[in-house]
Amino acid sequence: MSSILEARGLTKRFGALQATDGVSLQVRAGARLALIGPNGAGKSTLVGLLTGQLRPDAGSVLLNGRDVTRDGAASRARQGLIRTFQINNLFRGLTVLENVFLAVSERLGMGGVLFRPADRCHEVIDEACHLLDELGLGGVIHQSVAQLPYGQQRLLEIAIALSLNPKVLLLDEPAAGVPSAEVARVMDMIEALPSDLAIVMIEHDMHVVRRFAAEVTVLVAGSVLLSGKPHEVMASEEVRRVYLGGAGEARAAGEAGHA
Amino acid sequence: MNQLFSPLLRRHRPQPFEVVYWLVLVAVFFLFPRNLALATSILVMALFALSLDLALGFSGIVSFGHAVFFGIGAYAAGLLALAGYAEPISGAIVAGLVAGFVALAMGPVVIRASGLPQIMVTLAFAVIAYEFANKAVWLTKGDDGLGGIKLMPLFGMFEWTALSQTAYWYSLGWLFVLFMVIRTVLASPFGLTLQGCRENTERMRFIGTPVLGRLMGAYALSAFVAGVAGAISCQTSKFVGLDTLSVDRSIDVLVMLILGGVGRLYGGLVGAPVYMLVRQIAAEWNPFHWMFVVGGLLVFVVMLARGGIIGVLEAIRIGVSGGRSRKS
Amino acid sequence: MAEFTSGLTFIGIYGLSYGTILFLISVGLVLTMGLVRVVNMAHGVFAAVGGYAAVELVNMSGVPFALAVTIAVIAVAAASLVVERIFFRKLYGASELEQALLTIGLAFIGIAALNLTFGPDVVGAMLPNALARNVQFVGRSVQVYRLFVIVLGLVIMLLLWYVFDRTSFGARLRASVDNRGMAEAVGINVTHLFSLAFAIGSGLAALGGAIGAAILPLEPMYPMKYLILILMVVVMSGRGNMKLSAGVSIFLGLIDTAGRYFYPEIGSFLIFVVLLLYLIVRGNQLLYAPVAK
C-alpha cells in the first residue's frame, strides 16, 4: 500500500542549529501515527517542513505520490494536507460559525464569490452548522472566538481542520492546554474520525499516545531515533534514557509500560 | 439555525440610519442649489475615501499613495475625452479599468510588503507617478493641466450645466452604485476571506486560501473605484491637474477616512464631507493654519478616538441603548 | 576630459556633503526605529527646528555660527525628551499605521508652528566668512563650507562608531535593539536608554538641519518635503544599523547629485526609482523587520 504522505531525507538548519537531520517517514491511509520526542527535538520544525511553512535545505516531501517540496502551505492544504496548531490559531475577531464558514467555502471553491451575500450561501452554512453540531459547538456558533472557553476553542481548531476534508491530518498537541475534564471529549472526537483518514499526532501526553496511536515515531535532536508499535517504543531502553530526567510523566509512562 | 445575526454576514442588510444618509444627500441638491460644485467635489472625495477603505480598512493594505489611482483615472478620462470619446459613463469605466490594471502591476510588490516598507512602496509609486506626469508635458501638459474637456450630455439628455446640477446627480449616482457594489462584495464569501486575511493571514494559508490572489483582487477593485472617482472629478470639473496625483491628495483622503472611521463602510462617506467643509471654512485663513487643524485632528483621532466619527457615534449609541447592539 | 574630472569632483563634493547632511538628519530615526520600532514621520521637525534656531540666532542675535549651532542642538535634544515623554510613550504598542498617522499629525502641527513663527518664505542661511570662501580642490573652485560639512560628517561618524562599538553605553544600546526583553531582564534600564538615544538622534537631526541649511533650505514645509528622503535612508538601512545608514545616505547623496548633473530634466526622479528597485528586489525580507502582527 503506498503512502499518502512521505518525507525523504528532510534536512533543515537554522544557523548553527541542525533542527532536522535527514528525517524520513511514511504515512499511509488510515494511519494513526504519534510523533513524540523531548522538547527541542525538532517536532515543530518537521511539521513546518511537511506543511510547507518551511523550505528544507535538502530532502523532499511527497503528497499522494506528488512531489510537493516546492509547493506553498496553501497549495498543500488544497491537496489535502491539513494541520491544527498547538496554540490556538483561530480568527479571534470572527464568530465560531464564520471561522468554519471560511474553511468550508474555501474548500468548495467559493472563496472568490463576490456577488452573493454570505448568509445566502446555504450549502456552506448548512455544512458548517452540521459539523459544529457534531463537535458539540452547536450552541455557540454566533459567539466570537475570543469569548469561548479554551477547551471549545480547541474543538474549533479541529472543526476547521475537518471542514477541509483532509486526506492527512496533522494534529499538533490537540490536548495541550485543555482542562483535563475536557480532554476526553477531544479524544473521543479524534477517535471518531474516518478510518481512511491518515492522522499524525504530535503529543507529549503518553496516556493520549497509548490510547490513540497504532504507530509511534520518536524524534530526538532532529532525527528519528526509533519507530514502531507503541509498547515496543515505550519499552525501549534508548527511549527511556532520552526521556529520563525529563517530565515525571515520562518516567511514569515507562513504569506503567513495564507493569 | 440559519438565522445569522453575526455582524459581518449581515452587513448587506440595510440599517435605518443609512436611508437617512442617502436622503440627506438627495436633499442637499434642493437645499444648496448654489453650492453644488463644492457638493460634487465632496461626493467625489467620498467615493475616493470609500475606495481607500476597501484597501486599508478591509484588506489591511496600508496605502499612503492612493492618489496614484485617482490621478490615473482622472488623466485617463481627460485624455479619452480630448481624443474625442465623449460618453461620460463608459469613459469613467474605462478610466477605472486603467487604474485597476495599474494596481495589478503594482500589486505583487505592494501586497508582499507590510508595515513601514508597504507605506514606503505606496508612497514611492505615487511620487514616481507624480514626477512622471510632471515631466511628461507632452501627455499631461504638466503644470498647466488638461483643460477644455467636453463631454456628451449624460444619457444623451442632460446637459452639463454651469451650476453643476447634472454633475451632482452624476456623482451621486456613481457613489451610490459603487457603494452598493462594494457593500455586496464585502458581505460575500470573498469579503469574509478578506477579513480572514486581515485577522490571521497565516491561518488563511493553512485553509488553502491563495492570499496574494485575493488581496490583489481587493486592491484592483479599490483602484478601479479610485480611478472612477478621479474620472468623475475630471468630467465634472472639466479639468485635470497634477494635484490629482499629489502626495497631498493621498494624505487628504487618508485623513478623511481616519476621521470618519476606518473599516466601517460609511467612514469615508462621513469623513469626506466633514473634512472638506471644515477646510472650506478654514480656507478663509492662512493655508498653514489649516495644517494645525489637520494635525490636531490626526493626533486627536489616533490618541483618543480610534474609530473616528463613526466609532464615536457607535459608542454613544451603545451607551444610550445600554446593551448588545449591532455594528453596521 | 578635464571637464569630466571636474564634473566628477563636483559630484563627489556636492554628493558627499548632501549625503552627509542626510545622514545626520536620518541616523537619529534609524536609531529610534531600531530601538523602539516607532515610525516617526515627524523626525524632520527636529532638523527643521534646529536649522531655524541656529539661523535665527546668527541672523537676529549676531551669535557666532559655532555657538548658535551648539545651542540649537542642545535645545532641540532637550525639547525632544519632553515630546518623547508626552507622545511617543503612547505609541509603543500601536500599529505602524497609527504611529505613522499620529506622527504625521505632529509633523503638520510642527509645520504650522514654524510658519507662524518664521513666516512662509525660505530662510537664507548666512555662513560665516571662513566657510563661505572658495578654495581650489582637485581642479574646481569649491566652497570651504562643503568640505567642512564632509569633514564634520566624518568626525561624527567616527564618534558614533566609537560610542556605539566601544563604550558600555553603546553595548547596552545594541543589546536593547537586539532583544529588548532580554536586555531588561539583565537589568538594563531600556526606557532611560531609549530617552537618551532619542535625544541624541534628535540632536543629530538638529545638527544636520543647522549646518545643512545651505544645502537643504529652511522653509515651513521642510519636515514633509524631506521626509521621503529620510524614510528612504531608514528603510534601506535596516533596524538600528547606523553604519549602513551612513553608507546609504552617502550613496543616495551621490546618486541624486549625479543624476541631476548628467540629466537635469529628471530631477529627483532617479532616487525614487532606486528606492522602488530596492524595495522590489528586497521584497519583504528587508533588513528592517516590521513589527510582528
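Just so it is clear, A, B and C label the chains in written order, and each chain counts residues from 1 on its own.
By our rule, a residue touches a chain if its C-beta (ideal position, glycine included) is under 8 Å from a C-beta of that chain, and two chains touch if they have at least 3 such contacts.
Since the model is a prediction, treat every value here as computed from it, not as a measurement.
Steps from chain B to chain C, taking the shortest chain of touch contacts, total 1. Compared with chain C, the chain whose C-alpha mean position is the greatest distance off is A.
If you average the Cα atoms of chain B and of chain C, the two centres end up 34 Å apart.
Centroid to centroid, with C-alpha atoms defining each point, chain A and chain B lie 43 Å apart. Annotation: 50 Å between the Cα-based centres of chain A and chain C. Among the residues of chain C, none is in touch with two or more other chains.
Multi-chain contact residues of chain A (touching two or more other chains): none found.
For chain B, no residue reaches two or more other chains under the stated contact definition. Within the complex formed with chain B, the chain C residues making contact are 33, 39, 87, 90, 94, 96-98, 100-102, 104-113, 115-116, 120, 220, 228, 231-232, 234-235, 265-269, 272-273, 275-276, 279-280, 283-284, 286, 288, 290-291, 293. Residue ranges on chain B touching chain A, taken from their complex, read 1-2, 4-6, 8-10, 12, 184-185, 187-193, 195-196, 199-200, 202-211, 214, 217. By the touch rule above, chain B contacts chain C in their complex via residues 56, 62, 64, 109, 112-117, 119-121, 123-125, 127-128, 131-132, 135, 201, 251, 254, 258, 286, 288-292, 294-299, 301-303, 306. The touching residues of chain A, when paired with chain B in their complex, are 51, 72-75, 77-78, 82-83, 89-95, 97-98, 101-103, 105-107, 110-119, 121-122, 124-126, 129, 142, 160, 164.
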